[in-house]
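Here it is, the structure in full.
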Amino acid sequence: MKKIAVYTSGGDAPGMNSCIRAIVRGAAYHGVEVYGIVRGYNGMINGDIIPLNSQSVSNIIQRGGTILKSARSKEFLTTEGRKKAYDQLQAKGIEGLVAIGGNGTFTGAEIFYNEFKIPCVGAPGTIDNDLYGTDYTIGYDTAVNTALDAIDKIRDTADSHDRVFFIEVMGRDSGYIAIQCAIAGGAEAVMIPENLTPVSEVMETLLKGFSKAKSSSIVIVAEGDEEGNAQKVAQKIKDQMKIELDIRVTTLGHIQRGGVPTAADRILASRLGLGALEGLLRGEKNVMAGVVNNQLVYTPFHDTITKKKPVSEDLIRMVEILST
Amino acid sequence: MKKIAVYTSGGDAPGMNSCIRAIVRGAAYHGVEVYGIVRGYNGMINGDIIPLNSQSVSNIIQRGGTILKSARSKEFLTTEGRKKAYDQLQAKGIEGLVAIGGNGTFTGAEIFYNEFKIPCVGAPGTIDNDLYGTDYTIGYDTAVNTALDAIDKIRDTADSHDRVFFIEVMGRDSGYIAIQCAIAGGAEAVMIPENLTPVSEVMETLLKGFSKAKSSSIVIVAEGDEEGNAQKVAQKIKDQMKIELDIRVTTLGHIQRGGVPTAADRILASRLGLGALEGLLRGEKNVMAGVVNNQLVYTPFHDTITKKKPVSEDLIRMVEILST
Amino acid sequence: MKKIAVYTSGGDAPGMNSCIRAIVRGAAYHGVEVYGIVRGYNGMINGDIIPLNSQSVSNIIQRGGTILKSARSKEFLTTEGRKKAYDQLQAKGIEGLVAIGGNGTFTGAEIFYNEFKIPCVGAPGTIDNDLYGTDYTIGYDTAVNTALDAIDKIRDTADSHDRVFFIEVMGRDSGYIAIQCAIAGGAEAVMIPENLTPVSEVMETLLKGFSKAKSSSIVIVAEGDEEGNAQKVAQKIKDQMKIELDIRVTTLGHIQRGGVPTAADRILASRLGLGALEGLLRGEKNVMAGVVNNQLVYTPFHDTITKKKPVSEDLIRMVEILST
Amino acid sequence: MKKIAVYTSGGDAPGMNSCIRAIVRGAAYHGVEVYGIVRGYNGMINGDIIPLNSQSVSNIIQRGGTILKSARSKEFLTTEGRKKAYDQLQAKGIEGLVAIGGNGTFTGAEIFYNEFKIPCVGAPGTIDNDLYGTDYTIGYDTAVNTALDAIDKIRDTADSHDRVFFIEVMGRDSGYIAIQCAIAGGAEAVMIPENLTPVSEVMETLLKGFSKAKSSSIVIVAEGDEEGNAQKVAQKIKDQMKIELDIRVTTLGHIQRGGVPTAADRILASRLGLGALEGLLRGEKNVMAGVVNNQLVYTPFHDTITKKKPVSEDLIRMVEILST
């Protein structure tokens, strides 16, 4: 394999640039030519493909976002779109791909591989950490620390005013960010999609706390909790609560996606970028590089998309014990 | 004057603890006994008043929130409430007060002084910077830096996805935070209560940017803008825009109140705390300590509440030029 | 077991307070009385032992340092000293101990257990990550991120002035912090105790970089490297280098020990604190709680002290590839 | 004036990029062509001069360092060197200059103007804040906050171990950074070049503190203090102290120069960059743009270099009172 290309797709995650850098530098090290596809599958279809070298990725290891940009592509959902993409890659002589992204990215990559057989290896770039086949995804550690920093700030106000705060963190289908934030933020309760915590239970926890002279409380709510988002959950509590609490709601939102990646994310991104590249050069295809028990492993795209990675029961238990 | 008390009231602001520390240490230095009133006017009414000394304020200069807590007090709005408060202070032998807070705090302090003649000097503690009589309020610099940090993170995502972000910052009646964030965050436009920027003008700015190949834009909206909050403004733009833009909205919310105070806020808080205390000891009353052109000045509570501090036209002009 | 005590010893590490909190809250949860020993073995000898409850550890999860303080104890190195310590624990009725610290702490704990048979379980609190029996120690992730933040700042200056910086990070006997910082900081080279990198090799790497138009370089040096500390290494390079480079040296020093713990450190500390406590309650003794491959494990104190945890060869290889 | 150039010179300071951006965008706004001179006077001599436009300065407002790089130039100290520089500017048709830097930069700029009469206006970019003609220099607020963040971390360790720390901050000729850090960091004492604090006085302060049960202390030392740097001062104290204290020394060093600029620095840099540019276009020359009492003013280069800006006595007094 003499010529490969790398792209980022789906929501941006801190560390994507560190990953791009590792792939480009790794390619230089192995004497392979490397291109960047701009705006994911859109750029693949439109031929927005640029040469990269060691210099192109200087001084980006610490930048948030992705220098290759990212975008949704409706056209890539069609056979015609994918045929165009294939033609563009052929025209440039690209023999292999490294895809950085999440669920949607790998779904596209799998279909594309099955149709056109250009080998592709993925690197898991998503703040949600909800991909099977890796203990951690690129961007997750940074997102958790960003959310935690916000929670620390909010606790200052909660304590000063004896308030209850419902804080919504990202996680449409998974409670990974929420559970880490709850433990690290010293929250009184956490509500996540994987685990049915009824509003009544949260109410009980809050009441128990106040009976023990706790003057403020924090509840972390994953955006995809089945009881609703933070706003809805807070409203239900207000409606049912018999004593009057000063309840506030904050949705952390998009700040969780950006920012300077943490050390752990830069190292993970470098390791998985290099792992994806070297896997591709050794003949891996249709798989995602991941880290499981600190070992580099490759998992078929199909499994990363369809299998579910459970949230540890131990962590859920810890939230309860630590708010004692 | 041998015995004084200090309290915080209204929304908490980073640096309030630095201010309390300066007052307590200053009192020790001048040989004056000092008490802390817990939860503002509520604590004054309930006699929740505790002795403080140099040790009590060790290691708090860097803490967000307020160790004396803060609360709204409906009872203090009544003559009976204020009489109770007076009786509590009398019982403790407290001869003077230092009030840390904003508009509402000083409104209460003025009425109370007029009725009971206990000398009170204020220190401006509010993130909004909307008090007449001081160039800067305690907490403002920290709040701006916190919001800016969030804006920097959001720009990573905006750039990666070619998006337009409407970011709402605090400021119900004033655009101070918004204008600083707009300049420092490199925003394309800013919407503040003091200044009528119609939605149509913002739309024009965005279109002009995109015609010059700007791929992303940020608009800062003060929560109290007359066109509505960020959500409403964004909706208006979406409704009227002829080309399709990927528009997102983020409300920064309560994170702006908390956190470790910046150097500027700790120094300002120390200076104003000491200024308020030493003013009180020298016979000042019914005034707020402030810093104007780097000089310590005292302004009657009445003026701080009723007079308007304008946002500099120069700054508004800068946003336009710098987004060229 | 109805009454236990916890202490911190050795150099402080961010997350020690999170660990204390987990032990105290865990004890409350399990109905066990818990005491804090102030200033490690010194406090044990002097009987500086205080009762702790859930309230005592409110709002400390995010604080650097240790609320129980830490100190070296020469007296505990003597049989008489340890006998006094034992008598103090007996007098208070303390039946078990949780020790938070590193090498020195566990050496003391092992001797003490062998002499007096009071069960003790350890939690690894040290920024150096050099303890056998756990993949990560409490404080390590924070220290790496603190050092990395400093390195990012220094790179701004290195790039602006086309300089070579030698940056010394902590690690007297181990290169864990150095290697993580080198990868995450995008360093050109790294010098660690575990691995003989002669000065001549570093010089070659620097020259190769400059021949490829790299205008600045960063070399990370662990304080215990066998070629000497950063100052000495830089001097050797200056002496031997034939072309003139603008070389600077920075020793990060004590900032690496303090600061707000990261999410990972707070969670690890909570998990290991709870793990140590629950191990103790279940009958474990003379062992350290650790996390290996994401599983909680207990390793004899003796092994944690005498066995060596190697730095991954993979990581060393990554520094070379990524600086290509 | 239709064509101007901008350069940075001397030590880099956070906010220099914000300043470059303001100059370039301002030039675009006023329809003036703008060039960047790379590596200060060196680039002027070598003709390393590149065209800049609004796009060139996108997304740099938050970057530390300077995209135009900086360097010392021995050649510019000679008449021949300056003649070459003049010829290069003439060749490019450059009619005016904006210089961003400190003392050395403006010394060069003044000589150059006197010889060749190309109008030049300066913007004060130096972390030291030691320039007459402006209340604040670009980079100062960021440097103080960076140092403060380090001091906060070190206090965690100082408190945990009952230690005395001597922390050296930048400031060869001035104590601006030191005094701000001392107040904001809650230091027990400060030693600055402007003010003779004998070691004996510091020793007395430390002893007084320990007699009042202070368990730890911090002394801030400006690098240019007449008693010597932190290492020397600490040694003197150790030699003369009769009781044994656990004394440590940390030199913060180069981290103070880099990093993301604070809001205040970005705004100041934007304002002064624009002020320098618009001054130049209106006919100012041989002057530095500054902010005094929140007003934009222009001060002759000669005065900025030769006149001394005193450190406020009030601030020195505050350190004493606040450590009571």
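Letters are used for the chains, namely A, B, C and D, taken in the order the chains are written, and counting of residues starts over at 1 for each.
Keep this in mind: a residue touches a chain if its C-beta (ideal position, glycine included) is under 8 Å from a C-beta of that chain, and two chains touch if they have at least 3 such contacts.
Small disclaimer: the values here were computed from a predicted structure and weren't measured.
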item: Mutual neighbours - chains that touch chain B and chain D alike; value: none
item: Angle (degrees, nearest 5) of the CA superposition of chain C onto chain D; value: 180
item: Between chain A and chain B, centroid-to-centroid distance (C-alpha), Å; value: 35
item: Intercentroid distance (Cα basis), chain C paired with chain A, Å; value: 28
item: Whole-Å gap separating chain A and chain D, where each centre is the average of the chain's CA atoms; value: 40
item: Where chain A touches two or more other chains at once, by residue number; value: 152, 155, 159
item: Graph class of chain-chain contacts, one of line, ring, star, complete, other; value: ring
item: Touching pairs - complete list by chain label; value: A-B, A-C, B-D, C-D
item: Interfacial residue positions of chain A with respect to chain B in the complex; value: 8, 12, 14, 39, 63-66, 69-71, 146, 150, 152-157, 159-162, 165, 248, 250-255, 257-259
item: Complex interface listing, chain C residues touching chain A; value: 21-22, 25-26, 28-29, 54-55, 58-59, 61-62, 135, 141, 144-145, 148, 152, 155, 159, 180-181, 183-186, 212-214, 260, 262-264, 266-267, 270-271, 274, 293-294, 314-315, 318, 321-324
